[in-house]
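Across the two complexes that follow, subunit A remains constant while its partner is subunit B and subsequently subunit C.
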Partner chain A sequence: MYFLNSHVLSFSIWLPILAGVVVLLLGNDNKPNFTRLLALAGSLAAFAVTLPLYTHFNYADGGFQFQEMARWIPAFNVNYHLGVDGIAAPLILLTSFTTVIVVIAAWEVISNNIAQYMAAFLIMSGLMIGVFSALDGLLYYVFWEAMLIPMFLVIGIWGGENRVYATIKFFLYTLLGSLLMLVAFIYLYHQTGSFEIVDYYKLPLPLDAQVLIFMAFFMAFAVKIPMWPVHTWLPDAHVEAPTGGSVILAAIMLKLGGYSFLRFAMPIAPDAAHHLSGFMITLSLIAIVYIALVALVQKDMKKLIAYSSISHMGFVTLGFFLFSQLGLEGAIVQMISHGFISAAMFLCVGVLYDRMHSRQIADYGGVVNTMPIFTAFAVLFAMANSGLPATSGFVGEFMVILAAIKYNFWIGFLAATTLIFGAAYSLWMVKRVFYGDIANSHVAELKDLNKRELLILSVLALMVIGFGVYPQPLTEFTHATAAQFLNQMAISKLPVAGLLP
Partner chain B sequence: MTLPQISLLIVLLPLIAAAVVGLFGRYLPRSSAHWLTIGGVGAAFVLSVIVFKATLNGYTANYNLYTWLTSGDIQFNVGFLIDNLTAMMMVVVTFVSMMVHIYTIGYMHEDSGYSRFFSYISLFTFSMLMLVMSNNFMQLFFGWEAVGLVSYLLIGFWYTRPTAIYANLKAFLVNRVGDFGFLLGIGMVLYYTGSLDYAAVFQAAPSLADVQVALIPNVSWSLMTVTCILLFIGAMGKSAQVPLHVWLPDSMEGPTPISALIHAATMVTAGIFMVARMSPLFELSTTALSFVMIIGAITALFMGFLGIIQNDIKRVVAYSTLSQLGYMTVALGASAYSVAIFHLMTHAFFKALLFLAAGSVIMGMHHDQDIRNMGNLKKYMPVTWITSLIGSLALIGTPFFAGFYSKDSIIEAVKFSNITGSGFAYFAVLAGVFVTAFYSFRLYFLVFHGKEKWRHVSNAHDAHHDDEHDHHHGLSPTDDPHEPGWVVKLPLILLAIPSLIIGYIAIEPMLFGNFFNGVIFVNNEAHPAMETLSHHFHEVLHSPVGMALHGLMTLPFVLAASGVLLSWFFYMKRPDIPAAIQKKFSFINQILENKYGFDAFNERFFAGGARLLGEKLWKIGDIQLIDGAIVNGTARLIGRISSKVRHLQSGLIYHYAFAMIIGVFLFLTFFIKIN
Partner chain C sequence: MEYIKTDLITVLPELTVLCMAMFILLLDLFIKPKNRIVIYGLAQFTLLAAAYFTVSTYNPAVGYAFSNMFVDDPLADILKLMTFLGTSVMLVYTRQYMQLRGMFRGEYYAMVLFAMLGMMIMISGQSMLTIYMGLELLSLCLYSLVAFDRDSASATEAAMKYFVLGALASGMLLYGMSMIYGMTGSLNISEISSALLETNPKNPVLILGLVFIVAGLAFKFGAVPFQMWVPDVYQGAPTSITMLIGSVPKFAAFAITIRLLVQGLYPLAIDWQDMLLIMAVLSIAIGNITAIAQTNLKRMLAYSTISHIGFLLFGLMSANLNGFASSMFYITAYLLMTLAGFGMILLLSRQGFEAENLEDLKGLNKRSPWAAILMLITMFSMAGVPPTLGFYAKFTVLQAALQAGFLWVVVFAVLMAAIGAFYYLRIVKLMYFDAPKDCSPINAPADMQLVLSVNAVALLLLGIMPQTLMQICGVAISLSLQ
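Here is the complex of A and B:
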């Protein structure tokens, strides 16, 4: 027990990976239900081992908790150093939770290469948790790159018709950004002789070096979030990805980018972050307004939700660069909330796609007549997506908009347009897909949700409403960390003249 | 039970009823839907009366239920502020809601969405109660959007009808435009006061009266003016003030009971309630009050005009609602907040009555809503007839009726107001009296008197797309209309009673007594209208009876009476005259038919503009520039370069040897140059 408690993060990372390997070895398409149950058991166990991050988390501590440390490559001073703060912990819980959802969602939908599919998601889950908990630059980088491989396979093998284009675009886009990040790590290693992230936090750097480091990290993370104008891989990847791939992509992978801004780019180069905040805010606002307008005219449901994700992630980056507790915590809440809502939205599209094999809005109409229960869920999630109070979608946006108004009225003004545009694209889609008379014979034959679909959508609905009605548990996680982060950001790292050679 | 427990129950009972019926309605017997929800709202009404009585005896409370969120030193709470204003709203909301619940049993009894409907209206009651009972802006915004959500669901209740699902999307989006302003206003409040709790904000407000903000460089505005106007934009959306009024007439696509409850009596008055609640803020900005008054005056008069040419019974009442909301807004502008709330209350009763009566007529006419096909219904539907007459008389402000006291007080308050725009507003509300009387009695005469026109309409059904149920097609010429049963008649009678007497009873305590002491704040030095009004009442009129008798000799009464007479002359005696006028002034008629062109403009400019912009940004920005030129362009460039470079790899050794020699030569030259 002691061993388990002192290695929570290692278990969180390696248990799902181990489970994935077991599924690969033991499962195959000849015994599909066994394979599925095995994967479900693995994902549930993996979720269970992350729970101490909630039950044993010390809210008063703004630093790193659950730390583990071991030598990895002594020659280069690389360590297996893990630890989480109030920002990483909820994201890890979200990851292991979403993996369970994805496994259940794939149940009878995936009928070929079941073991490989399930294993890909289990392994990916472990790698993503690795990204969230690594405190060593090189360890982080390994997880960061490794995680691309299962996603590449998921889209490439179980994806749609145009999957090759989408996977290559996805892979190159993200790889290109990551390489610059590696350069930054190597530079920092030369400066400090270590890959410890905490050492980087203490390293004084002149402004031009900070700006270069910031931009190198920016390239990696902006692609991942994604921020305008490096966002165009996301709609393509989503459209081609199977439902589970889209869920993980939207719910977790995008957050890796957001999280990494807080872990690397901003605290390592705080002066550059302040220096470039205008630039970052501008890009965020473009994401919020421009992308929302683009989402409005999409004809493919998955593209629409993908664009809506980009627009919502704009609130995350906007919240970061307002440098206020309200904005920062709002951004973190927005990340968690978007995890639930975007997962739910993509699962809803999946429900329809499994039945009709189309994602085109024009192929639908009047779905409510044949699927009333499903429609109730879809309307709920669309409302959450448009930021209705008492859903989690409201909380983060509300906080960021309030913080933005304080920062500058017009930034708040532009951000608040999401109230109109978000509702417009979400509800216009609802109108065209769900309301009206039955559009065609395919819609007439639709069957309402089965028990499995009902279960996962109900769980997500409870999350979305629960955190909307009572979001306090989310910010309790982040209070101390956010306060410490802002203190850290307020201290300049510019070398004081005369002290340095 | 303590009063806080009772207050909590008032909110929770409708919510629980809505949840049970909504989630399990399909597994329960049909009648359980209305028993559960009526039980919930009925209990909420009784408990609200208990709370109201307690507040009359001086009970006020302001407490938090739980902390919703903390961030830094900002705390967002969920809590209740119970005072006279809240308690009065609670009673009105739960009473009208209960009437509508009962009425719905009759109105919707054939509908397949029976339990869904009850679930929605109970959810609405919950949301509206959260809105009025809130003690902070965050929860106010929650209630604000939640009633909007229910309104969206109910306007689109018959989701197979294209007009309904167009109307509900439109209603939600237009309301979101208002909420956009509202949220910015809330942001300003938080920024400058550091809190969203009413008490803290109102306490901090006076010290901010002189703060200037420069939103545009070198142009400084008063903070309070900016904040109040932003908040009021929210009210313009919810309370359908020009130019955000466009959603309300279309909302008539929803079933009639919710038109009465949501789009007449309660939800649309949320904006009025909100401004009255914020009186400590609005009193600090005369500019904002002028803005409020002018918007209200425009709405009161110009929306009234549109009521004249409508032929759909519900749309006439809808435009009258718009116009009356304008009256309330004008009263707010005149700092006569209590008068606005008073009119809100009387209007809730008589307008709910008029809508429910209209619904009764629609049922009697087998879902034909065109008033040109009706006539002489007084013979067949006596209860509907008498109650409609009471409602109409109250609406036009006949002395002794509820609407007289509230409307006349508004007109007087505007007369005594001295802020910018009060002259225009006074003209607008006076002219509005005539217009209101004219269209109200046009409706009344055409529906209840004259010839039985459905007997001569050959094709009564084609002309009206507004049939509420697709399987109903108007009354056939040989049928007689029948008055619906007691579940419909009882609410009409119970609403007719307050429409008759509530003004007489309530005017003295509400306007001139101390009912709103400590709740509504008026700066009498800057905005003396209310004080003058009170003085006038005590010195000249003495009592409600005196006010009514005096009212018989004043201009508004003359205007109302001539409106009634003119409509009688036009539509009973000489129906050829209005037709001739319509022909002669077809230009004006066209403007009114187009509703001043708001819909066309919004559809083309805002909706079309956003779609066009989105299309261009997508096709040009994303596809052509980013993907086409940069992403795929890079890939193409690499491809092109490598297809050229490929030729260097010819496989011939002498090519490679030659390249090496050239290379060595170049390097040598380079190093020699450097050294």
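Here is the complex of A and C:
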């Protein structure tokens, strides 16, 4: 038990990976239910081992907790160093939780290569938790890149018609950005002689070096978030990915980009972050406003939600670069909340797609008449997506908008337009898909939710409303960390003439 | 007499290989074709014995033999052990392939052993003469091995091309050596090095000699602009021979580069750094971009080799111990990846069918999920995606180049690596996303399947635990090149 308690993060990373390998070895299409149960057991166990991050978390401590440290590659001074702060811990919980949802959501839907599908998600979950908990640059990078491989396969094997294009685009886009980040890591390694992130935080750097490092990280993270104008892979990937792939992509992978800004780009190059904050805020506002307008005209439901994700992630980056406690906490809450809402939205589209094999809004109409329970859920999530008060979507956006108005009225004003645009594209889609007369004979034959779908949507609905009414647990997690982060950001790392050799 | 005895003990591994190769050649005359498997066993035994003698005479100090013409340092020992390992794995992979094509003959094994002897001599060459002798022994064996399937027109053409261009390159190398000899008055590597310290390093004859030597080395590596032979020979030669050419001889090329450029011509480092830089950048660019257009798997791997050589040169051009060790690490990773890649082609080939087009990999995941996952690991390793060995290989050479101050070159290289990832991804796409074209079961001997599995899984495991291999390379370099 002591071993378990002192290695919470290692277990969180390696248990799902191990479970994935076991599913890969033991499961196959001839015994589908055994394979599914095995995967479910693996994902539940993996979720269970992450729970100490909630129960044993010290809210007063803004630094790294649950730390583990071992030598890994002494030749380059690389350590297996894990640890979480108040930003990473909730994201890890979100990851292991979402993996359970994805495994259940795939139950009857995936009928070919079940073992490979389940294993891909389990392994991916472990790798993503690795990204959130790595405190060593190279370790982080290994996890960061390794998770591309299962996602590449998930989109490519179980995706839609245009899946090959989408998945290769996804992989190459992300790889290109990441490789520049690798160069930045190597540069920092030669400056400090280590890959420890904490050492990078203390390293004084001249502004031009900081800007280059910031841009290298920016290339990696902006692609992942994604920020306008490097967002174009996301709609393609989302549209072609199977439901589970879309859920993980929207709920977790996008958060990796946001999280990494806080972990690397900003604290390592704080002066560059301040220097470029105008640039970052502009890009965020373009994402919030312009991409919301793009979402409005989409004919494909998944594409619409994909664009809405980009728009919502604009809030996250906006919150980061306001450099205020409120904005930062709002951005983190927004990340978690968007994890639930976008997962739920994609699952709703999945429910419809499994029955109708179409994602086109035009093929639907009047679904409420045949699927009343499902419609109730879908409307709730659409409302949450547009930031309705008493849902979790409202909390984060509201905090960021408040912070933005304090920073500059017009930035806050532009950001606030999303409450209109978001409502417009979400509710207009709801109107066209769910309300009105029954559009065609296919819709007339629809069956309402089965127990499995009811279960996962109810759990997500509970989360969305729960955090909307009582967001305290989330802000508690992040409060101390956010305060410490902002203190750190306020200290310039520029070498002062005369003080340094 | 005592003097000769110590010399002979130093070259014990070489002697073993030489004697056994001749013995195999003789034995083959008297052995019945159905018993030829004995020869295969003898060849493997030779490798084992040579490895045993290399390990048992291991000495962390640098030893010389035959009037300083031959060196036995840790670098040589490690490189030789890797050569044995690579050759042994290659023989396992190619046995069935050669049997099915009527090429399972004693000469094949004798010639492979002679080629390996050439490599061993190159690795241990401490005089330009020894190096050249080893190189010619290797090259002549490879020329004839390419034409081993003598009724195949494409193989004969490839052999012809290889021979003409190879002879030209050898000539260049020899010409360069003669100029260096003229300027320094010695053929011995360490004497050249000390003589250079006393001469003017800007002497045009020296530089010209250096250019010729670098050109000869670049040809043996297959670096741009001396890469023309690589795709044609890779495609034309029987796959088993392609595998041989693409794998272990790169160790020998690496070794003579270290011997000539680093141990011998280090005072001219400023000059050869620039030459290697240009070749490295061009190799990475041309290798990666041209590979995208290929439909033949062997040809694609040829261009992939060219780009790998570019990365390898990154380490060498850094011109410090860190860089050399990272290059050595890279070439080891490259060996394992190449063996796995060609091993997979051999696995999918069968009687009367060469799995050498990209199309032949279609739907491999449906035919054999295990083979597909092995190839998946290999491809991601070649692309340099963690957590595979290929990533650490790229990482080490890039950090060496960055340490030497080549920031923008490194940025260029990583952009090219991203482009290069495309054609490896395409193979994964064919295996996993496409429907199979032919569904014939994969039929390979158990030993080959086992070794191939270990080979590919090692790419993943060494990626998770790369420390030991890095350390071996680092120690070998630092003990040998003080």
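Convention: the second predicted complex is superposed on the first by the 499 of 501 C-alpha atoms of A that agree within 3 Å, B and C clash if a C-alpha of one lies under 4 Å from a C-alpha of the other, contacts with A are read in each partner's own complex, and residues count from 1 in each chain.
The rule is short, and it goes like this: contacts are C-beta pairs under 8 Å (C-beta built on N, C-alpha and C of every residue); 3 or more make two chains touch, one makes a residue touch a chain.
These numbers were taken from a predicted model, which means no experiment stands behind them.
With the C-alpha superposition on subunit A as described, subunit C and subunit B fit side by side in the combined arrangement.
In the overlay built on the shared chain, the residue A:Lys406 is in contact with subunit B alone; subunit C does not reach it. When the two structures are aligned on the shared chain, A:Gln472 is found in touch with subunit B, with no touch to subunit C. When both complexes are overlaid on chain A, the residue A:Gly126 reaches neither subunit B nor subunit C. By the touch criterion defined above, A:Gly396 lies against neither subunit B nor subunit C after alignment on the C-alpha atoms of chain A.
The superposed model places subunit B and subunit C at 160 degrees from each other around the C-alpha centre of subunit A, with the value given to the nearest 10.
Our summary of the superposed model lists a minimum C-alpha distance of 6 Å between subunit B and subunit C.
Overlap of the subunit B and subunit C interfaces on subunit A: none, as no residue is touched by both.
On the subunit B side of its complex with subunit A, the touching residues are 66-72, 74, 138, 141-142, 145-146, 149, 152-153, 156, 159-160, 162, 165-166, 169, 172-173, 176-177, 179-180, 183-184, 186-188, 190-191, 213, 215, 610-611, 613-615, 617-618, 621-622, 626-627, 630-631.
The touching residues of subunit A, when paired with subunit C in their complex, are 72-76, 113, 116, 138, 141-142, 145-146, 148-149, 152-153, 156-157, 163-164, 167-168, 171-172, 175-176, 179-180, 182-183, 186-187, 189-190. Those residues of subunit C that touch subunit A in the shared complex are 365, 369, 376, 380, 385-387, 391, 395-396, 398-399, 402-403, 407, 410-411, 414-415, 417-418, 421-422, 425-426, 428-429, 432-433, 466-467, 470-471, 474.
By the touch rule above, subunit A contacts subunit B in their complex via residues 169, 173, 229, 232-233, 290, 293-298, 324-326, 329-330, 366, 368-369, 379, 383, 388-390, 394-395, 398-399, 401-402, 404-406, 409-410, 412-413, 416-417, 419-421, 423-424, 427-428, 431, 434-437, 470-472, 475, 479, 483.
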